[in-house]
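One chain, subunit A, appears in both complexes that follow, with subunit B as partner in the first and subunit C in the second.
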Partner chain A sequence: MRRRSPSFPATARTPLAVLGVAATLLVAGCSSGSGQGGSSATGGTPQQGGSVTFALPPNATPNWIFPLGTPGHLAGYNSAIRQNVFLPLYAYNGSSGTVAMDEKAGAAKAPVYSNGGKTVTITLKDGLTWANGQKVTTRDVEFWFNLAKANKAQWGNYSKGDLPDNVAKFTTVNDTTFKLDLTKAYNPEWFTANQLTYVTPMPQSAWDVEDASGKVGDYDRTTDGAKKVFKYLIGEAGKLSEYASNPLWKVADGPFTVKEFTTTGQVTLAKNAKYTGDDAAHLDAVTFKPFTSAQAEFNVLRSGGVDYGYLPALAVSQQKTIENSGYQVKPWNGWAITYIPYNFNNPEMGAVFKQLYIRQAVQMSIDQATISRVIWHDQAAPGYGPVPQQPVSKYLSQDQKNNPYPYDVNKAKALLTSHGWTIAGNIASCTKPGTGADQCGAGIKAGTQLKFSLLTESGSTETDNTMQELQSSLSKIGIALSIKSEPLNSVLDHSPECKPNQSTCSWQLSFFGTQGSWYFPAYPSGEQIFATDGGTNLGSYSDPTADKLVKESTSSSDPQAMQQYSSYLAKQLPVIWMPNPAYQVSAIRNNLRGVVQDPLAFMQPQRWYLAK
Partner chain B sequence: MTVSAPLMTEQAPATTAAGPYRRMVRMFLANRLAVTGLVILGLLLVFCFIGPLIHHTDQVHTQLADATLSPGTRGHLLGTDDVGRDVLGRLMVGGQTSLEIGIAAGLLATLIGTVWGAISGYAGGWIDAVMMRVVDAGIAIPALFLLLVTATILRPTVPVQILIIGCVSWLVPARLVRAEALSLRSRDYVQAMKAMGGGHGRAVFRHVIPNAIGTVVVNATFQVADAILLIAYVSFLGLGVAPPKTDWGGMLSKGISYTSEGYWWLIFPAGLAIVLVVCAFNCIGDGLRDAFEVRLQGR
Partner chain C sequence: MIRFLAKRLGQAIVVILLVTVIVFLLLHSVPGGPARGILGPQASPQAIAAFNHEHGFDKSLVQQYWAFLSRLLHGDLGDSYTLNQSVGSLIGQRLPKTLVLTGLSTLVALVIAIPLGVWQGRRRRGLTDYTVTTLVFVGYATPVFFLALILVIVFTEKIPILPPQAPQAQTLGALFADSRALILPVLAGAIATVAAFSRYMRSAVLDNLAEDYVRTARAKGASERRVVWLHIMRNSLTPIIAMLGYYLPVLFSGALVIESVFNYPGMGLLFWNAAQTSDYPILLGTVLVIALATVIGSLLADIVQALVDPRVRGSIR
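And then the complex of A and B:
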């Protein structure tokens, strides 16, 4: 399963877990705002030292720090915290205004691809050492690969065919350089952003042991040995209360070390005095504080108990109050898209959904700009295609950016009436069945009425209102929409990928995007959600051209591949594109500077500082 | 004798069929709170069902351009809600749903509870024991929990809500009627009917239930009030009727979201309506209880 979003788990991710999608997918993408809105103010005279309290999302309790996560330990906040202790090979963030590699936050220099994209040569940064004084070497990377390969079935991020399966050979060139021979040519951008970001050098000189009393060896170089080492390490990783005292976890190469890690989820990272990289922490300590609910967090925020918290959706109106309390309020937008999938296999409406003109009419009935402004109070941004539109990236096509189907109810209505639908009593009925240009389309019988049912997640006034607006707009073009609200997990449970003859295929439309429907890794390809065999292609969308473009986007190094994919799907409408809400609305204390609200939901607390 | 006979004759009409009803009406009217409740209920019924014929509003389509207008703006007496619908009109439409569901569910619960309790009390023995254990078990499960589970499984339309609330609210009336039936089944007229060959069905439906009608009617008013509150709870939790329909509980729930923005018109009208209708039914229930209480009729 591919990591969906490298970030904090939000409710949005949870649902995916329900679907059986890798828990990683669940991660929430916290995100941030476009480059423009994402970062808090810099400036002021940096004060060395000090501590900051960061509020974790509701019910988010970190429970893992070992770089290879097992199922149940893949939540985004785990990796967000871990990356500050054990540096990944590569990290990405949106601090530059677009999602790009964050070279300072990684352990290696930019990779070099050769042999037509089948070989990648990687050189580790000079001078990086572990806290025990040992250099970070290629042996530490090999150690990660050996453990991942021997224990891939237990590695929660494993997806068949992906890492480590797609690495045919690991070759050590010297202490700082190694080569990976890949099984086939991959798009370098995709491979680096979506595969190599998983790789984290691990201190082989301290961790390559089979039990607590054993000596360090090269056990990882045999499959049996690697299994024993992995078993020992994940056993130790399960002892949360020992994270701060276990010598294993003190061998860090990141800017922080673990000072506190409670079983209830409170984590305190302290500045790593032995860090030798070029991204040292300003703060002495950062505490990640868990909360059982957004309201509980908000109460603490109002009392000034956290330095970096968030406002529940319903409390966004209290922005001024919070600002007057010494915080700046900023949306944290995600590298995500929000949509409503059509169930193309639904026995009643599947044939209707398969008609592009119907999908066009539906899309043209959605006034995304007004919904974003009025209902979401500008905490959501219109989205017109499969590539995240905030921050703007080179993957975004002009077609998607310019909205190929602008809001136009009259045009939408005309599309239906020109294809054999007659609107009477506010409901359109097919009066010209057939496959001609002015007929309803294949599989649609005479008398078929445009009555759709929509499952939507409950608990959000903004979502409720958006669905009511959708219902209202669609009624103007003769489509009756019945809405049923359910808790998020129920919505996902009730809208699985299905075959027409299955009882689970009764759902027609499903919305689970109050915090965004799908969070991407740095490279926003759509093989999981829009390819015919995608693991989370809920609506069973299938289009050979889309499949071809998706494949090209992950294997070709042609920079146009993603834009072609973006353009095609923006026009083909595999789903109803909806405004993409912010992951959270953050409240950041005024004197806390250097904060970048990374759209990928990672954090760089080493760059935070308190201004004098 | 000659004097007393006419007196007896004059007193006779007091025991005719019209007499007790007149005394009941008199007792009811003597209860000012009950009369107030009746008036309030009447006004609310007129407001909800006649009001939309006078105050025409579009409660189907949203008007985002008119969202959260304050009262008095652009002809909206009570302002607009967060998707631009007229709040006054919405209050009328929401009231229809609340009253329809409340009254129908209350009556359904009363009907089921009355029949169940009457049969149980009249039959006695193991049948009574089994039927009452079912009631005990049902009471042990929170109605709100059952409602939430069912509302998640089924699409919450008005008939479904009536059915669900009716089916989870009949337990208390069943207990009350069963207690009445235990007493009524040993009355002479029931025994006489049975001695003359009358069946159990006749005993229950022609004698037990009619003679427990005072308890049943009074309880029915409370059931209606409880049902309206229950709908409000469910709607407050986001599982009320599907939009564009609404009910007062749903309106209140939505309005609460905007407390901090000061949109009082999204909160107070719906809240006040719920309080008024529940109080009205409770007052009417009190009045009916007095009216059916024989000991008070002689005052």
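And then the complex of A and C:
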């Protein structure tokens, strides 16, 4: 599925890493480790300056700095790092305790919506300047829009109908204020959180050039010119080894500038001495250090080589050792949901999956609490619906919060037997076909057996164990689950959205595993995953009520819309809800303070500081 | 000799071409192509079409192969889909680092294994032979990741005298400047290799000990030292040389596990990660390098063997 920003979670994912960590545990045993006897994580005097090393997840190599990412360059820590150099118009993060707009981390004041949600007026912050001394103005925002519009096919975040298509007109009011006329009314929260966050003012006075001559003009104002400028900037962005030296990227307006950006992925951000906003960095430098495996990172962490690292999933039992070495160990929870889509178009089982009572029975057979506690060592949390269960937000309905289908195998079994299924030899067979209340349901023939096949990601012990647990509990209600493990890319390839007559439609259930949680943007609406025409509605789920609720959540300004959507889908079960693993289990050195583990997987290192 | 070299060179070019054809066909016959893997499931059909067009996946296989080949003949291995760099520059960064690691490991292994094999051959079936054989077998049987981790835990935590990761520098000079950090990865790589080479050496020495020329040398009054280290060792090196030649591709393809454990991004990891992310240009580029190393390795093995062993010389014409 998708990780919104960093594309690889840090926990041990590859078979190699798993083997490695298992071996460490064997060798190290359960020794508590003498460590360096760390200081406490509280108290102390905050100090200015100093540098911090942050461990990047395995093979997450930052490789893009330009605010418009081309396909293939959206992953990694690119946007998390870039946001500290080039401020987005709006930033959302978890610094307030829940996912919300963080005005301090953006370039503009809160937007004002008018005309029934069809017009938005935005004023940039006063006094924000680029490193070349020029003011950040509406021209810099217009520059972004011009480039995005002329080159949308090459912009990796582009989705038809969304930004920039949904902005009919960009009007400059003055140097700091501009107005966007939208093509239709949108839910202001959705538009700000999921669309305007993509907009990043870019230094037109330095970047509006067509070629290496560096002559600045208003080239972006014609489509042809905007294409040339984009081509030039993309070309420069392709020279990874020049990121730290190319004068283009020096024109920053964020609290940091790029000091080092190696081709192997090590990035050092240095405090931007010319930053004029109100969110200046405390630290002098933050180094993002790449690692080849979670095991390699863990070895360095154990010897105190990083200030902010992570524990591979299998090493969570070594928490005490790491704590004794002077770190706090904290899960970093993601703004995500984890699920297994049903393929409603599968010619064999589609009709079965379409029965709500079957989906209810399946959901009630999954002991999410035990899976989270035992298999995930409490580093995953049960999820009951389409909105992230944690942190609690205003989008979460009571129905989803309270789990409408608690674990109850007997009830699940009764649901099947009361609908015309007879369980013999651990397999349920339809003995009462038909559409009556006590019959199997439309499209299910007599003798149909509940035999599901599940495609799952290989290489993760937690995923393997979870699938085994699923197989075992489903067998208790007469559902035989056959599991096939494949590498993640292969799973993705083999479970496309499909029509029943297509050969690609043979998949029934698909789990993208620990790397496959769906990370939402700040506004967790489901137009991509649960709307009939959603781009990643892999199982072809289609429900007119769900479509209506999804539409309302993105286009009406009713604050209840998201809750209604959360409640309806929590009960309708378009997918199997699964425990959502933490983004990573972090180890933060005790004297590093001010860290908020942002559920959106961004970072605000400008607020980190070292305490004495 | 020149005729032999020309013939082998011709064969090498054919072999490399065949390898590229096979790998290219295998990769490009994967249904769906790499777009889904690279762009993720959220990619729109337009984005996938744009990706496929940009990288030529909408053309016929023959056209695609021809485009690849003509780029290759111009020295261009293409650009990585995921790493924002050309394959040539990626290999240029990784290969020297990998060769330092694997080359040093092999060198260390040879320096230990050759005398060890000779020594064991001379003292066969004695207590020391059995003890060394047991130790060597343990070293050989221990999975490299486990061995690497034991080394890390012992030498960085229990007795903290060495750093837990390989040198992180970008240049070879800086890499050697931090030579302490090279000790553990080189050692981890060397231990298993010692086992393999020393066993070959031991059995070669055993074979040679029974040869007539050894008896003749002894009968002529040559000292035991001269018999062993000059006559027997030289003759026993033949299998090791042959093995070393075929070991060349191993040196070039990197040491995935060691690179992974010691945070040392080399060729092994480059290939492994590219395979995971369907980064075809990297896969093709690294396979090409390894194929090249294989043919050069076998050629070198033949030549060196001819230099060492006059009996082989006759067959090289």
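By our rule, the second predicted complex is superposed on the first by the 564 of 612 C-alpha atoms of A that agree within 3 Å, B and C clash if a C-alpha of one lies under 4 Å from a C-alpha of the other, contacts with A are read in each partner's own complex, and residues count from 1 in each chain.
As a working rule, contacts are C-beta pairs under 8 Å (C-beta built on N, C-alpha and C of every residue); 3 or more make two chains touch, one makes a residue touch a chain.
The shown structure was predicted, so the numbers you read here are calculated from the model rather than taken from an experiment.
Undergrad: In the superposed arrangement, does A:I371 touch subunit B (first), subunit C (second), both or neither?
TA: first
Undergrad: Quick one: is A:P487 in contact with subunit B, with subunit C, with both, or with neither? Answer first, second, both or neither.
TA: It touches subunit B and subunit C both.
Undergrad: Who does A:N132 touch here: subunit B (first), subunit C (second), both, or neither?
TA: neither
Undergrad: Check whether subunit B or subunit C contacts more residues of subunit A in the superposed model.
TA: So, of the two partners, C touches more residues of subunit A.
Undergrad: For A:K476, is the partner it touches subunit B (first), subunit C (second), both, or none of the two (neither)?
TA: first
Undergrad: For A:Q449, using the defined touch cut-off, is the partner it touches subunit B, subunit C, both, or neither? Pick first, second, both or neither.
TA: Neither partner.
Undergrad: For A:T276, decide between first (touching subunit B), second (touching subunit C), both and neither.
TA: Touch status of A:T276: no partner.
Undergrad: Report for A:T61: first if it touches subunit B alone, second if subunit C alone, otherwise both or neither.
TA: Only subunit C; A:T61 stays clear of subunit B.
Undergrad: So, does A:Q468 touch the first partner subunit B, the second partner subunit C, both, or neither?
TA: So A:Q468 only meets subunit B here.
Undergrad: Please work out whether A:T417 is in contact with subunit B alone, subunit C alone, both, or neither, and reply first, second, both or neither.
TA: Neither partner.
Undergrad: Could you give the residue numbers on subunit A that contact subunit B in one complex and subunit C in the other?
TA: 487
Undergrad: Considering the complex alone, what residue numbers of subunit B touch subunit A?
TA: That would be residues 60-62, 64-65, 67, 82-83, 152, 155-156, 238-239, 242-244, 254, 257-258, 260-261 of subunit B.
Undergrad: So in the complex, which bits of subunit C are touching subunit A?
TA: 30-32, 36-44, 46-47, 50-51, 81-85, 89-90, 93, 143, 145-146, 149-150, 152-153, 156-157, 160, 163-165, 168, 170, 256-257, 259-265, 269, 272-273, 276-278
Undergrad: Which residues, counting only subunit A, touch subunit C once they are in their complex?
TA: 1-2, 14, 16-17, 19-20, 23-24, 26-28, 33, 59, 61, 63-64, 71-73, 75, 153-154, 156, 158-160, 237-238, 240, 262-264, 266, 290-293, 295-297, 299-300, 302-303, 305, 487-489, 492-493, 496, 528, 535-536, 538
Undergrad: Sort out for me which residues of subunit A touch subunit B in the complex.
TA: It comes out as residues 314-315, 317-318, 321, 367, 370-371, 374-375, 458-459, 461, 464-465, 467-469, 471-473, 475-476, 482-487, 490.
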